[in-house]
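Have a look at this one.
All chains are identified by letter, namely A, B, C and D, in their written order; residue positions are counted from 1 within each chain.
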Amino acid sequence: MTRTLGVIGTGRIGRIHIANLASMPQVSLRKIADPRIEDCRDWAASIGLDGLTEEPEDILRDPAIDTVFICSPTESHARFITEAAAAGKNIFCEKPVDLDLGRASAAVEAARAAGVRLQIGFNRRFDHNFREIRESVQAGALGTLHLVRITSRDPEPPPADYVAGSGGIFLDMTIHDFDMARYLSGVEVESVYATGSCLVDPAIGRAGDVDTAVTVLSMEGGLKVIIDNSRQAVYGYDQRVEVFGAAGSLEAGNDRPNAVQRMTKEGTQLDGPLWFFLERYAQAYRDEVREFIDALDQDGSVPVSGADGVEALRIAIAATRSLREKRVVEMDEV
Amino acid sequence: MTRTLGVIGTGRIGRIHIANLASMPQVSLRKIADPRIEDCRDWAASIGLDGLTEEPEDILRDPAIDTVFICSPTESHARFITEAAAAGKNIFCEKPVDLDLGRASAAVEAARAAGVRLQIGFNRRFDHNFREIRESVQAGALGTLHLVRITSRDPEPPPADYVAGSGGIFLDMTIHDFDMARYLSGVEVESVYATGSCLVDPAIGRAGDVDTAVTVLSMEGGLKVIIDNSRQAVYGYDQRVEVFGAAGSLEAGNDRPNAVQRMTKEGTQLDGPLWFFLERYAQAYRDEVREFIDALDQDGSVPVSGADGVEALRIAIAATRSLREKRVVEMDEV
Amino acid sequence: MTRTLGVIGTGRIGRIHIANLASMPQVSLRKIADPRIEDCRDWAASIGLDGLTEEPEDILRDPAIDTVFICSPTESHARFITEAAAAGKNIFCEKPVDLDLGRASAAVEAARAAGVRLQIGFNRRFDHNFREIRESVQAGALGTLHLVRITSRDPEPPPADYVAGSGGIFLDMTIHDFDMARYLSGVEVESVYATGSCLVDPAIGRAGDVDTAVTVLSMEGGLKVIIDNSRQAVYGYDQRVEVFGAAGSLEAGNDRPNAVQRMTKEGTQLDGPLWFFLERYAQAYRDEVREFIDALDQDGSVPVSGADGVEALRIAIAATRSLREKRVVEMDEV
Amino acid sequence: MTRTLGVIGTGRIGRIHIANLASMPQVSLRKIADPRIEDCRDWAASIGLDGLTEEPEDILRDPAIDTVFICSPTESHARFITEAAAAGKNIFCEKPVDLDLGRASAAVEAARAAGVRLQIGFNRRFDHNFREIRESVQAGALGTLHLVRITSRDPEPPPADYVAGSGGIFLDMTIHDFDMARYLSGVEVESVYATGSCLVDPAIGRAGDVDTAVTVLSMEGGLKVIIDNSRQAVYGYDQRVEVFGAAGSLEAGNDRPNAVQRMTKEGTQLDGPLWFFLERYAQAYRDEVREFIDALDQDGSVPVSGADGVEALRIAIAATRSLREKRVVEMDEV
């Protein structure tokens, strides 16, 4: 069936989803809302959209809209989830659900109680490389898992004032990797050790955060997960994982813009990784939305649940505490 | 401006172009024609198309249509080019223009005389890897060129009855590589040596063709180009080039479906190349059409001209003669 | 000048050194000692050696011998170092110096006080890949260092009875990686977090050890080092490092037995890593001995000092404590 | 048994063999001869050699010497082979046997008639990569062979005066690749097409030679072999092959000095290929000599026969004729 949609928030992520939705024949994009909606009027026109509004309520109260995408700032996610659920609308919400565990859980519960579908925007689950590994792991290609290594580094640090409101690196950035650890392994975290340094930008340190971080997750069954993060990999967006088990190893390297190798007096050269998450995860962004829309027409559940969003948040909170208190934090403390 | 289009031929290639055109906002796809148009009625509906006809004339005579895509069998290309040119329509025509050099030249001349744009479907010029090399070569990264190596192998041989009407491997398959040689190097062919064997399928030999071929092109200035072809690379579509010059080498490997490396007791494994030309050149097919449409609105010429189509044909004819006569053929013989 | 040598211990490592020493023109290999010296009589003859004895004292008391290689079991290292130092002989000693920090320090001090040279057998410092990285780092290629990742996995677990006397994975295996962390970064460890599981062989767990381990080292200046170990990588000896800093990343992959790529219906295949440390570090073993012998004739110090041996031991002891007490251990606790 | 050897010629290749022979316990290196023997007196002393002479006859007439290595200039090869054979000595001779087919054949026949062993120095047959492919091909891993591609490029051109006496690129350089074609495929050449240009150094052209060459070999059974050569690959010694058949492809890349990957703002970088044949084929040079010596003690034949030397020479002569006459040359013309 055709879905009638509204999108709240037209920032960077909002526009990715809007562009992808606009190209889907089974979707009718009815309204997009943003306090600065005027800023995207030209862009919306260029892809044939009207239905622009400053008011999210115009979407939440529109009975013709059956599905809402929430791409607004984090602090409004829980409220919009709750309101959309109350209005009986299906929901796609960007990560994190909230910086507060109680509010996040309540919002997810509201959606569950209302019987609407809620998918959280952990886009990396849809990446061709990580999905290939997940499926091989699920098929038993590695036997029992022993180690997972996740490298996740941004090409450039965010502005320090963004950092100040982000909840810290673990809630803002590593939360994707915490979800990846659960996605790739299929098991839950038991304890967390996190440590970090401010080595990239002193302003990040002054904002109370670190820009270089290492997290070790001890998972059910003895599996260990290592995550390393940096806010600045000067060579581009670095997104690699390795899963190692009794039968071997699966390792996803970075995608590159081309397969050209250059040999000169200076050695052998390849292009670096795709520069930013928009390019690297372009296919993943398309697929997470497509699979969400497809799921709405089926009995089964969405591919990333509200509970997944809450669990990643719990791990991020534990990591933040571990960093501050310089100790291992058990998950049942959170 | 918005272009109003008709597409003649809805076979495999025709549908690729139709799907790509259907997603372009600056294009209005008015009619598609095919003798078996009923076979694609459902597919056309699924992407929102109507305007289906069995008659190419319905497109060629429609004054509202300003641009025609010719994706019909090779033997009709020259006629449709000539008719579309006479009707003042811009033309995108699949390769080869014709199997006969005289007819091909006349058709290209007709388009030129009519002042319409004509682009030939050498899609590989738009591949991200080959274009990267072309641009580096043009920028002087390699200095004087000394050697070009082109590997072009299909995953599976065509049916022998297709082979019988194809004009032979050089006109049907290597013609892409002949164009690639000119595209990558920027210079023209002076002489051709070609040889081949029937090693894949005896039926191809009975149809008078070879399925394994090697061609050496001697180019202006002394550059040598080596092309190797096979109708059957069991590991997938193998499309690689190397350009070697005074300052080094640029080499394009195959694209793979993912960047995952598997280490097991059996060794280290990667996925093979993308299996078929539809996947490998999906991006190239999108871009050749987009650039053609963009070119129509600009003063400049199209990125692949009718003359390019004729020149590749001349080389293919020379190669065919070389194979048969077991000797070097000078281009001015053709 | 020509060095006259004795080697104590003719086990696996002893024989590597003996074979390498036998091919060096500037070395005269006078005696080799082992309680089971009969077992290697044929092998010694095959490379032209005589001077076989069961008694290490025959070496330590031989005034003609100026340099001793100690390749006996760990528990005898400190004693032989002390005796050789007292006899004024230069010493090459396998790692670890001792499992006890006090005894190890005393032995190293004895060598220092005696004015003899003492090199510890951290062979990996001489590996072509790691040395390339070390030299680039020292030359400033990466700017400030932010992260180091070390993967060190054996192809097969040792027998459980070996494990029982080994001092545990951190003293037996990871000690090489602790030295590597110091070697690559040039800075010292401040605190250690280690965790592990027994996932490969339950007998290792019964022996009180783990076979899968993760260690995080917090280094001076905020650099974080991650080490992952496994006693069983079924695909072969896995020895990789990455050093990441302000200016980029240097990553050493595994060496392979050949550079052949196989493309078949099953995908693309490479040979796995070199199977065992003997092959992987064959060149490193040659070079560590050669550089030690060369150093004896020069004023400078040996490339791996006794202090390096003690420092790696301290880190290993801290890691062992961290594993047992499930907490971060500060280096000044050890 | 112990072999007593003499080596005639102490140039670059001669010294490689001498150094390798000096480290072999089953070899007694009795004499080395060179008109400029004084130039290598210090070097010989450094590896413990005496028995230096200016006169090859001192070797050929020494009854204690059972095996001779001929590493002198090409024009003396046939004569020394004939004399050594007459003296009943086994012979290792560098390639080419001679520039003249008649003289080469006569020399090989002399060795055969005398019942001595004769091995030709096609060192690349012993390279770990090419041998891996050869053995896989022989084991049937590729099924019927369809195509072979050989890339063989030197890092720097030789002096033009060397070129003048070399017999031309096909006799001097490509002769290795002609042997490789036979070695990898196991079948014989039927016809040859060769073409080339002078693009690297005009002095090479003035000396009557080309520095850039392409050869196509049509082999028994329809297999096609493509060889490309350049006298100057600025990035280093480029030695790659691909064998393609019914079941897939085996491709040997270049060996590199290390396995380090560097990621910086400038992209991803690897070291180039090993720079020169001395490094690239160090292992192959050791193994060809070791296998030759081993073969002398066994009933079987040597791994590269005199007939192999003659056959490669015939192909090189055919290629030279093809280049000059701009036509395909049948092997039975030579």
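In this section, a residue touches a chain if its C-beta (ideal position, glycine included) is under 8 Å from a C-beta of that chain, and two chains touch if they have at least 3 such contacts.
If you're wondering where the values come from, they're calculated on a predicted model, not measured in any experiment.
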item	value
Longest centre-to-centre distance from chain A, chain (CA-based)	D
Contact-richer chain pair (by C-beta pairs counted) among A-B and B-C	A-B
Cα-centroid distance, chain A relative to chain B, in whole angstrom	40
Gap in Å, rounded to a whole number, between the CA centres of chain D and chain A	58
Interchain centroid distance [CA atoms averaged], chain B/chain C, Å	58
In chain C, residues with contacts to at least two other chains	233-235, 238, 247-249, 263-265
Touch list for chain D against partner chain B, complex	144, 146-147, 149, 151, 153, 193, 195-200, 212-214, 216, 218, 222-224, 226, 228, 230, 232-235, 238, 244, 246-249, 326-328
Touching residues (chain side chain C, partner chain D) in the complex	23, 25, 46-48, 128-129, 132-133, 136, 141, 247-255, 257-265
In the complex with chain B, residue positions of chain C that touch it	233-236, 238, 256, 263-273
